[in-house]
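Read from first to last, the chains carry the letters A, B, C and D; within each, the first residue is number 1.
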Amino acid sequence: MEVKAPKKHWKAKLHEVIYGTHTPAGKMFDIILLVVILYSVIIVMLESIPAIDSKYHSFLNVSEWVVTILFTIEYILRIICIKRPSRYIFSFFGIVDLLSTIPKYLSFFVVGSQYITAFRALRLLRVFRILKLVRFVGESNNLLRALKASRTKIFVFIFFILIISILLGTIMYMVEGPQHGFNSIPHSVYWTIVTLTTVGYGDISPQTGLGQVIATVIMIIGYGIIAVPTGIVTAEYSTQLQKKDQKEDDAEQHCPNCHAHIVMIDARYCRKCGTQLRED
Amino acid sequence: MEVKAPKKHWKAKLHEVIYGTHTPAGKMFDIILLVVILYSVIIVMLESIPAIDSKYHSFLNVSEWVVTILFTIEYILRIICIKRPSRYIFSFFGIVDLLSTIPKYLSFFVVGSQYITAFRALRLLRVFRILKLVRFVGESNNLLRALKASRTKIFVFIFFILIISILLGTIMYMVEGPQHGFNSIPHSVYWTIVTLTTVGYGDISPQTGLGQVIATVIMIIGYGIIAVPTGIVTAEYSTQLQKKDQKEDDAEQHCPNCHAHIVMIDARYCRKCGTQLRED
Amino acid sequence: MEVKAPKKHWKAKLHEVIYGTHTPAGKMFDIILLVVILYSVIIVMLESIPAIDSKYHSFLNVSEWVVTILFTIEYILRIICIKRPSRYIFSFFGIVDLLSTIPKYLSFFVVGSQYITAFRALRLLRVFRILKLVRFVGESNNLLRALKASRTKIFVFIFFILIISILLGTIMYMVEGPQHGFNSIPHSVYWTIVTLTTVGYGDISPQTGLGQVIATVIMIIGYGIIAVPTGIVTAEYSTQLQKKDQKEDDAEQHCPNCHAHIVMIDARYCRKCGTQLRED
Amino acid sequence: MEVKAPKKHWKAKLHEVIYGTHTPAGKMFDIILLVVILYSVIIVMLESIPAIDSKYHSFLNVSEWVVTILFTIEYILRIICIKRPSRYIFSFFGIVDLLSTIPKYLSFFVVGSQYITAFRALRLLRVFRILKLVRFVGESNNLLRALKASRTKIFVFIFFILIISILLGTIMYMVEGPQHGFNSIPHSVYWTIVTLTTVGYGDISPQTGLGQVIATVIMIIGYGIIAVPTGIVTAEYSTQLQKKDQKEDDAEQHCPNCHAHIVMIDARYCRKCGTQLRED
C-alpha cells in the first residue's frame, strides 16, 4: 500500500488542479481552459464561412485537431483523477464534454459531416462550468432565487401564450388562407407568434382588411402582455432584495424599540431611545 | 320513488367523474380528456398541411371521426348527469363544447368546409377548464388579482394607443400618400400600430424624409410607453405580494411590540423583548 | 334688465348642457357628441379607401355634410353660451374644434383637398374632452402623477437615445455606405432608431460583417435599455401607490404604538396592545 | 513676478468662462457652444445627403470651415488657460475635442475623405460635457446609482444572451443551412440575435418546419427574458428611491416612538404620542 501512496497523491493533486479553483494552479487551469474553449469556438465559426474556410482550410483544420486532442486529454484526465468516474461521465457536463469532442473524430468516417462538426459549439456550455466555479454565483444569487420563485408562473404564462397563438393562428388561417401566404395552421401559428412577440419578420403579412384588424389585435395583445413576465420577475426580485434587507435588519442593525439604525455593532444601549440592547 | 334511487345514484357518480376532480376516477377522466383534446388539435393542424393531408388523409379522417364521436358522447353525458342541463348548455364552456364538435358533422353537408372545420381548434379552450379545475388556480391567484386591479387602467391605455394611432396614421397618410404604399387611412393606421408596437413587418415603410421623421417619433413613443402597462402590472402585483405578506405578519408571525419574527407559534412571550404575547 | 332675464336663463341652461356633465341632459349631450364624433371619424376613414369611396361616395359626402353642419352649430352654441368666448376660442379644444370643422368647407374652394380633409381626424382629440369630464380622471390619477414625476427622466432618456442613435448611425454610414442602402447619415440614423427600438423593418439591413456586428451591438443595447424607462415608471408608480397607502395609514388605520390595523374606526383602545387611541 | 500678474488674471478669467458654469459668462459660453455643436452636427448630416450637398455644397463647406476654426480656437484656449494642459489633452473629452476637429483639416490631404469627415459627428459627445456641468446631474442621480448597482448583473445577462445566441445560431445553421440563407455560423448567430431581441428584419427567415419551431422557441425566450434586465433595473431603482426616503425619515421627519410625521421641524414633543423629541 505504501507503493501506491505517491500515485494517489499525484491523483489528488491533479484533482485539485482540474476540479478545484482555490489553488493558483487550479485558477490557471480554468483560465487556460477558457481561452482554449473560446479559441475553438471561433475556429468552428470561421470554418463555416466558405470564403475563410477555402483560404485557411489547412490552418483551421490543424488548429481544430490540436484543440480536439487537448480536450481528449482533458477528458481522460478528468476520468482518471476522480474517485467515481461514472459520476462525471454521466453528469450533464460529462456528456457535454464528450459530445463536443467526438465530432472531429467522426469526420474521418462520415462524409459531409459539416453539420455534425457544428456540435463542437456545445463547448460553449463548458464556459458556464468554469465561470460558475469562479465567481458569478454570489453575484446573481438573489436574481436566481427570484427566477426560481417565478418559474411556475412563467411556464403558465408561456403555456397561455401558446394556446392563444394556436387559436388566433387558426382564425388567421381561416381569414387569410393559403392564397395570402398562410399555407397551413402550423404556419399560421408560427406567424402569430412572430407577431405576438413583436418580432415581425414581414415574410408573411395579412392582406385582407379583416386579417389586418385581427393582426392589430394580436400586436396590441403582445405589446400589452409583455407586462406580465416583467411584472412577475420584477416583483419577485424586489421581494428577494427586501427579504435580504429585512434579515439583516432583524439580526442586529436596528433597535428593537425605536427601529433606529444601530451603527456601533457593540452598542449596549440604543443611541436614540436608550433601550438596553444586550444584557452582557 | 324507490325505483329511481339507483338511477339517481348512477347519475351522481357520473357527475362526480365528469365534473369533479377530487376522486381518482375524476382525475383520470380529466387526464384522458386532456390527451384526447391535444391529440385532436394536432390532427386539425396536420390536416391543414397539404403535403401531410394528401399522404395520410384517410388516417386523419378516421382519427377525427373517432375523436368527434368521443366528444359527442361526452357532450351528451354532461347533459344527462347534470340537474339543470340548460345551465351547462348555455354556459361558456357548453357553447365551446358544441361549437368544437359539430363542424365535422357539417362537413357532410357543406362543400369546401375546410375553414369551418378549423373551428375545431376551439377545443383548445377546453384545456383551460381542465387545468383550472386541477391546480393552477392557487398558483397564480395574486397575479390574477393584480391583473384584475389594473384592468381598467390597461383598457384606458389601449384606448389611448388606438386614438394616438388613428391620429398619427392619418398624418402619415397625408405625408406619404398612396404612392408610397399608404393606400388609405385604415391601412395607414394599421401601419402605425405595426410600428408603435415595435412589430415592424416592413411590408410598407416611409419613403419621404418627413415620413421617416414621423416614423421615428412613433417608434420612440412605442418604445417608451411600453413602460406604462409594465409599470401598472408590476406595481399592482408588488402591492398584492406585500398585502399578502402583511396579512400573514399581522396575524401571528410578529411580536406586536418589537416586530421580531415569532418562530414558535405557541410562544407566550416574545423571545427578543419579553412582551407577553398571549394571556392564556 | 328684466327683459333680458329669461334670455340669460336660457344661456345658463345651454351652458349647463354643453359644458356640464352632472345633469341628465348634460350626460346625454356628451354621449350623443361621442357617437357623432366616432361616426364622423369612421366616415373620414372610409372616404380614404378608394374601393369604398367610389361605391358610396354620395352617401359618405352627405353624411359628412350633416356631421359638419352639426359640429358648426355646436361650435356656435359653445361660443354663444359662454361668458368670455375668447377663452374658449383660443383654448386647446377650441382650436381643435375649429380645425376639425373647416376642412369640409375648404373643399369647396380648394382642388385636391383630399389631404386637407384628413384634418377632420383631429375630431378624435375631442373624445378626450368628453371622457376626461365624465370619469377617467379619478381612475388614473396615481398613474398620471407617476408619469409627471418621471417626465424629466424620460426626456433625458429620449435625448440620450437620440444622441446614441446619431453616433451609431454615423458609424454605420461609414461602415456600410450608400452601396448597401445607407444612403446618407440621416437615413442611417433612421435605420439605427428602427433597430434600437426593436422595430426592425428590414427595408435596409447591414451587408458587411462589421456592419452586422455593430447592428448586433445596437440591438442588444436597445433590448437592454428598455429597462430604463420601464424601471423609472414602475418605481415612481409604486412610490405613488405606497404614499397613498401610507397617508391612509398615518391618518387613522393603525395603532400608534403597535401598528396593528384599527378595524373599528371609533375604537378608543387598541384591540391588541391596549394603548389609548383617543382622549374623548 | 508682478509683470505676470495681470496675465495670470486674464487666464483665470478665461478658465472661469470656459470650464466654469456659475458665472453668467460661463453659462453664456456653454449655451453658445451647444448651439454651435448642434449646428455643426446638422451640417455634417446634410453634407451626407447627395441631393442637398450638390445644391448647397459651397455654403455647407464654408459653414463647416467657420465651425472648425471656432472649435480649433476653443481647443487652443482650453489648453492655454488650464494649469496642466496634459490633463485636458489626454482626458476623454480632450481626445473627443481633437478627433472631432481635425477631420476637416485632413480633407485637404486625403482624397475621398467622406468617411473620415463623418468623425465630426463625435462632436455630439461634447454635448454631454456641457449638459453634465449645467444641471442634469442632480436629476438622475438615483437612476445612475441604480444602473451602477445593476451593472455586473446586466453584463452577466448580456454574456448569457451571447452564449445562448451562439448555441441556438449554430443549431439553426445545422437545421436550415446555406440553401435557406443561413450562410455561415456567424451569420446564423447574427440572425438569432435579430430574432431574440425581437428586432426581426426578415431579410433571412426559416423555411423548414423544424427551423420555424426553433425560431418560435427563440422568439418566446427573447420575449420572456426581457423581464430580467427590466426586473433588475426596476428593483434596484426602487431600492435607491426607498433608501433615499428612509434616510430622510431616519434623520428628522418621524417620531422615534410612533413613526408619525414630524411636520414642525422645531417640535420638541411628538404631536401624536407626546414622546420628547429633543433635550434642548
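Odds and ends about this structure:
The rule we apply is simple: a contact is a pair of C-beta atoms (placed from the backbone, for glycine too) under 8 Å apart; a residue touches a chain by one contact, two chains touch by 3 or more.
This structure is a prediction, so every number in the text was calculated from the model and none was measured.
Of the chain pairs A-C, B-D or A-D, the one whose interface repeats that of A-B, sharing more than half of its contact pairs by residue number, is A-D.
Residue numbering at the subunit B/subunit C interface overlaps only partly, since under half of the positions present are found in both copies. Ranking all chains by how far their C-alpha centres lie from the centre of subunit C, first place goes to A.
In terms of their C-alpha centroids, the spacing between subunit C and subunit D amounts to 29 Å. Averaging Cα coordinates per chain places subunit B and subunit D 41 Å apart.
Residue positions 186-187, 198-202, 222, 226, 230, 232, 234, 236, 238, 259 of subunit A each touch two or more of the other chains. Within the complex formed with subunit A, the residues of subunit D that make contact are 152-153, 156, 163, 166-167, 170, 173-174, 177-178, 183-187, 189, 195, 198-202, 205, 209, 212, 215-216, 219-220, 222-224, 226-228, 230-232, 234-236, 238-239, 250, 256-257, 259. Those residues of subunit B whose C-beta lies close enough to touch subunit D in the complex are 198-202, 230, 234. Remark: subunit B residues 41, 44-45, 48-50, 115, 118, 121-122, 124-125, 127-128, 136, 139-140, 143, 146-147, 154, 157-158, 161, 186-187, 190, 193-194, 196-203, 222, 226, 229-230, 232-234, 236-238, 241, 258-261, 272-273 touch subunit A in the complex.
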